[in-house]
Structures are given as C-alpha cells and as structure tokens.
C-alpha cells in the first residue's frame, strides 16, 4: 500500500469513482467532548441544559445537517445521496460520547460524512457550553467502523 | 457564573447581541491530527504528498472556507463579517498541529469560527490520508486564546 | 398507523431508507398569497410588475432554486437528485395561486421539495410586494398530491 | 405610495441601501400549522413527540438556521449580520402557532428573515408529522410587527 | 508594487483587513456571451426566449444570487454585507453584454462580487441556450471600474 | 432544431429528465486567464506565487468545489451525484489555460459542472493576482467536449 500513484503535477483531484460498483455503504465515527464540573452539573439525566437550549438535542440536529454538508466542506469528497444519518450522544464522567452513523447506496464510502457529522455535533456542544467552560476539549475524533467498500474496517 | 438563566421553555435560541459593543475580536483554536508511519513517510519537509494532492495546502484552504461557513453549521452562531481567517500547520512526530485564527470587528466573538476552521482542516487532512491510514485520530480540538470580548481567555 | 415507534431516547433521526425501492416519485404542493388592491393593480395580465422586477418570474426561479435546497433546510430530509422542479403561478381575486411539482427517481418522496419550492416562491412574492402591502398573507400551504411511494395521496 | 418607479427595462434588482441609516431593526412574523387529531394526540404538554424526534425543538432549530439562509433563498434580499433570531411555538386546538423574531443593526429590515424563519419551522413541523397527517396545512404566514426602519408596522 | 511579501511558508491566507477603513465601495464587471444565429433568432427585442424560460431575466437573477455567494466560492474572499447588486444585459450582434455592479460599505472591495455575478449570469445564459448552440463562448470577463478603496481603477 | 417548444406562459422550468436513460456522462470545459508581465514574473515553473498563497493550487481546489455547487448556482440545473471533477492548469505566454472535466453516471449531462468549475477556478486566479494586475481578463470560457448523452459534442 503506498501513496506513490501521485499525479505528475501534484494537483489536488477527486478520485474517479465512475467504474466502482454501487453497494450499500455504512460508516460510524466517534467524537468525545470533555467538559468541566460546572457544565457537567447541568446534566439532567438525558440532556445538558444550557441557557442556549437543550445541548444534546441541538448537537444531534446540527450533526445530522452537517453530515449532509460534507461534500461542500471537504474539497475532494463526492456529493452523493444519503440513506440515513443518525447520531447518538451518551454522557458519563464529564465526557459526551458522540457517535454518528451514515449510510448510502453508492460508489464511494461515507466515512467523511460520519466524521463530519460527529465533528459538527461536537462543535455545537462546545458552542452551547463555552460560557461555562471555555476550556472544553474535543478528542478521539475517529472512524469506528466502515463496511460495504473494497475493504471493511473496524477500529 | 451559571447556566441558571434558562428560558422557561428550554427552547434553543440565539443570544441577543444587539446591545453589545462592536470591538475587534480575535480567537485562535487548535486541532491535532495523528497519523501512522505510512502517512508520515510521505512528508516532504513542507507538506504531506498524497495521491489526492498536497495535503496541508488543501486542508488550509478547506479550513479557511469552513470557517466562513460557521454560522451555517453551528445552529446558534451569529452570521458576521470576518476580517481574516488564517491557518498554519506544522508536522512533527507523526502529528499535524493545526492552528486557526479568526478576526472580526463585531458584537460577538469568533471562537467558533476558529474551532470550525481547525476542525474542517483536520477532517480534510483525514480525508486525504485515510487510504493509507484509516485509524487517523483528531484530538485536542480546543480554544487556545480569545481577546476582545467581555473577558479574554488563554488556554 | 401511529407514532409509537419512538426511539427510546427521543432523539431526532433521519428515517433509514436504505431498504426502500427506487421508484419514480412525484409530489405537487400549493401555496396561496393574498395581496391588497394596490398590489393587484400592478397585474399586467401575466405578471405583477414591481419596482424590484417581475414578481412571478422571480418567485418561480426562487422556488425552483429553493426546492433544490430542501435537504439543507429541513433537518431530517434526505439529500437526493431531482428529475424536475416546476412552478406555475396564476392570479385571480387578489390571490396568487402557486403550484410546485417535484419529481425524483429514488427511495423517498419529494413532498418536502414541493412544499419548500411553493413556500420560497410565496416568500419571494411577499418580499417583492411588501413595500405596497406589508399585510400580505401566505396561506393554504399544503400537499395536493403525491404518487410513487408506499401510498399515494390526493388532497 | 406606488410601484411606479419601475426601472425602464423591468429587470430584477436589489434595492440600493447604501444611503440608508444604520438602525436597530426588529421584525416578528407568524405561521400557523394545523394538524389532525392523530398528530395532536402526540402532544405531551410541551412538545409533539414523533418517531422522527421532538417536533417543536427540531422546528425551532430549523427555523433559526433557515432565517440565517434568507439572503441565499430570497433573490433580492440583502445579506446582513443578525443580532438575534428567536422562535417560540405554542400549541392549542390542533394548531401550532409559530412566532419568529429577527433583529439586526443595519441598513435594511429583517421582515424576510422573520418570515423565512417562521416558514422553515412550519415546513419542518410538517415534515416530521406528515406520516400521521399528509393533509397538514400551513396558514397565516404573515408579518406581525416591524420597527426601526422608515416606517413601523403592526398587524 | 510586487508580490514579494510572500509569507514564508507559501500558505494560502486571507488578507487581514481589520485595520482598514470602512468606506463605500463600488465595483462593476463585465462578461460577454456570444451565441450563434439560431439562438440570436430567439431575441424578441428585450429578452432571449428559450424553452427553459426567459433567458436574460433568469441570468440576471442567477447573477445577483451568485454575487451573494462570492465569499463561499472564492476561497480567500471576505464575507461582507452588500448594499446592492445589480445586473444589466444588452444584446447586439449575437453578443450579450452583461454588466454587474456591486456595492458595500465595508473594509474591502467588491470586485470579486461584481465579477462573480457577471460570470454566473453568463453561465446561466449558456445553460439556457446550449441546446441550440453548444459552442457558446463567454469572453471579456473583467473588471470595468472600482472606487472607494486605496486606489480607484477604470478599465 | 428549434426553441419552439416554449411553454405557453414563458415561465422558467427545469427540463424533466425522469424518462432519460442513466449513462456515464463526461464533459470538459476550458477558460483562459490572461495576466500582465508583473504577474507572469511570479511563475515559478509550476505555479504562480502570490502573497495570498499558491495561485494554481488554490484555483484548482476552488474550481473543484465550485463545480459541486453548480446546481445551487445555475437556476435550472439538476442536482446530481458526481463521479469526478478534475482541473488542470497550464501557463504559457502570460495565459493560464484552465481545463475542468466532470463525470457523472446519471440522466443529464455535466457541461455546466465543467463550465462552472473552470469559471470559478478562473475567478479565483483573478482574485489572487488582482493586486498586481487589476486588468486581468478571463476569456474563451467554453465547452470543449461532451460524451454520453443523446449527442456528443467536440469543439
């Protein structure tokens, strides 16, 4: 495996997927958001309650909508229809665990959609809690699993 | 400092900034992207060379453009003009250190613009190198510094 | 028929359409816009003439373009290719009758595309005539007909 | 008051606001959404509970984000910063009453932002409940009040 | 005048305009679109009539809306409010002459807004007539005039 | 061949492609950008070096991303997935020759995607060099070739 098939001029280019098979592709990504005790104290058992509104609900919607913007944000991503985007958030030990799953039936994978959805959800969580904790850290943004392409992956 | 001024119905709402002073506001955020040796071996001293094109150059542009999308991505962010968005990437020990600085002259800060710019740059880096390393991790996405608002912050 | 299959945590999520059949789907929606006599007096037999330009022509284009933004605007809508968006406007008795038809060949319907197209056309009409009539009312925004999915509908 | 200052060629054009004063401008708009008993039965006292998630919460966020897209959707609207967008939804007698308030400090009003926010919230509500009631009707989309421009208005 | 102040790492960056004065800035750009006789024969004295609709009306609206997208399309452009965008099209000798004027009151010029507006109008004209003439050529896309910045320019 | 199938009311409308076959469609477009000697002197053999960053690299990315925005910019274009967008730039005699190729597997062609990609790349080049040459001219924006539809075309 190598990066040696570099086009001679080193110009950025989208990969040509015209010859690839159409398959169902699924990817799941994760992002963690760690907050201080002042924020954690606002957890009501199912959501963080902030003066900007319900944090997880807002983050989930932002993540779903963000995932749909992936090909507009990541320069070399292919625009493609999506069969589903779903996001779950759990909260324990001052850390929100965000998981985003994206599905398509297409020629290319949806890893970036899953990662972008998780990231935008994490950024939204940050935005809504930063008045109480400007030192919030987003970490462990990574792919957990993908299936349906040339090779599957599991973290 | 508290989150207790919750509006009675717990509905999401943008903060009203109409009464705030217009000042020059600057924020800097960071994101780290850690890659495996196969990717790191592609570093040519100033950029990572991938078959999708020059990685850092592409990530910088994606981050600058992403920062300009902040108010479209983060539900409760205010749309505002930007005086500058700049991104630097350094690379050492298999880790790309992305720093994004945003500036505005306005009524509200640009922390989310800096964080979004750094995050989109990191996601772009991930996208361009994931063929060689699907286990890439983005971490330490956080605010480094902000000035110009009610209170300054330094990480 | 019920809403009882609520996911346990009551989190917003796109419906998973990966298992649905690809069929030709058509939807038509309507919106009415009622204006005062001062605006109606500007009707030249085929369009309303305003100082901002030809009102119906502009509203039609805005509606077509708006329909294409549906999945960016409605959080849980699926992004999908469109085979056609068309809008007609007729005018009688101080009321513009806007009809928008959307077509796709896909796994999910285009009701929201038709409704969004009609709504954006109506809002554009409002924008172009509000100098003469700030009391313009948009009403009867509703689905007229849909075909091609699990069940057809006709208002 | 007249529409007689038509540019000679009847071409669409944005109004030139370069000579207008910068003032604080506020606008509030309304939209009603009427649903059937099957949907109304899902009301839990503060939100409609659907299998796609919490309806009013989602509609509020969609409306706030939609208001920020106004100048991208309405062809002749001016892009401008926003000081606040807020949406409230109340529910009685099978009807959701959506009110959207937008604020700016600028040269032109935010009536279209308020109307667009209310409309996108209404469309989102429709989207989330249409499985139970395809005959949902959006009505009374109109401006309630505006202040801060050349002339105030109250419905 | 030189390009020698290159930042040491040759990374793309927006110019920092935070220290610049806020002035009224105006720019006008032009684009020519040359069509064959089959298209020119559709000219009715004020517009080209195509099966996709009125060509110049559509191109004008697309150009105005496109100008508003400038900072989303051109990577290093600053997002800024616009006081006006206007487009005129004249037609003679098989050539449409598109002129786009943009105005802002801000820290940076609107040359790119004027050029983008003219270009998107030209592309729209191409789109609507390409069934009759796939060899349409857009040419002379250039700045005609700008005022209000450090230095004025007139072509 | 004629434009005579005009809909009776001369309203703008997207062509209905629901009955068309899905084929692989490719289009290539060109744009030329002519600069003065001051800009040309910055050519380092592979890119133009400006104080805003590497010009061709930036223009290529902007063009690829712009091509993905085609259906949002050109009112009557169909939104569709893209298999590839690629851009090459060569430079000789003070002129940058931009070629953009777009590919889809769909019901309608990608001429406008290729033309939009080439145009946005050209505008970006203009933006990055205009400090040294405000008289830059973009010309010869045209389709070079298309295949895969009802009829092929070669300039």
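When the chains are written out, they are named A, B, C, D, E and F in that same order, and each has its own residue count from 1.
In this text, contacts are C-beta pairs under 8 Å (C-beta built on N, C-alpha and C of every residue); 3 or more make two chains touch, one makes a residue touch a chain.
As the structure is a computational prediction, the values presented were derived from the model and not from experiment.
Chains that touch both chain E and chain F are the following: B, C. Common neighbours of chain D and chain E, listed by label, are B, C. The pairing of chain C with chain E is characterised as same-residue: of all residue numbers used at this interface, over half are used by both copies. When you average the Cα atoms of each chain and compare centres, the chain farthest from chain F turns out to be D. With centres defined by CA atoms alone, the chain at the far end from chain B is C. Inter-chain centre distance (chain C to chain F, centres taken as mean C-alpha positions): 30 Å. Averaged C-alpha coordinates give centres for chain B and chain F that are 30 Å from one another. Chain geometry summary: the mean Cα position of chain A and that of chain B are 15 Å apart. Centre-to-centre spacing of chain A and chain E amounts to 36 Å, using the average Cα coordinate of each chain.
Each of residues 11-15, 53-54, 57-58, 60-62, 65, 69, 72, 75-76, 81 in chain F touches at least two other chains. Of all possible chain pairs, those that touch are A-B, A-C, A-D, A-F, B-D, B-E, B-F, C-D, C-E, C-F, D-E, E-F.
If you check the complex, the residues on chain B that touch chain D are 9, 11-18, 71-72, 75-76, 78-81, 106-107. Of all the residues in chain F, the ones that touch chain E in their complex are 1-7, 10-15, 38-39, 42, 49-54, 57-58, 61-62, 65-66, 69, 72-77, 111-112, 115-116, 119-120, 122-124, 126-128, 130-132, 134-143, 146, 153, 155. Those residues of chain F that touch chain B in the complex are listed here as 53-54, 57-58, 60-62, 65. Contact residues on chain E toward chain D in their complex (touch as defined above): 24, 46, 56-57, 60-61, 64-65, 68-69, 81-89, 103, 105.
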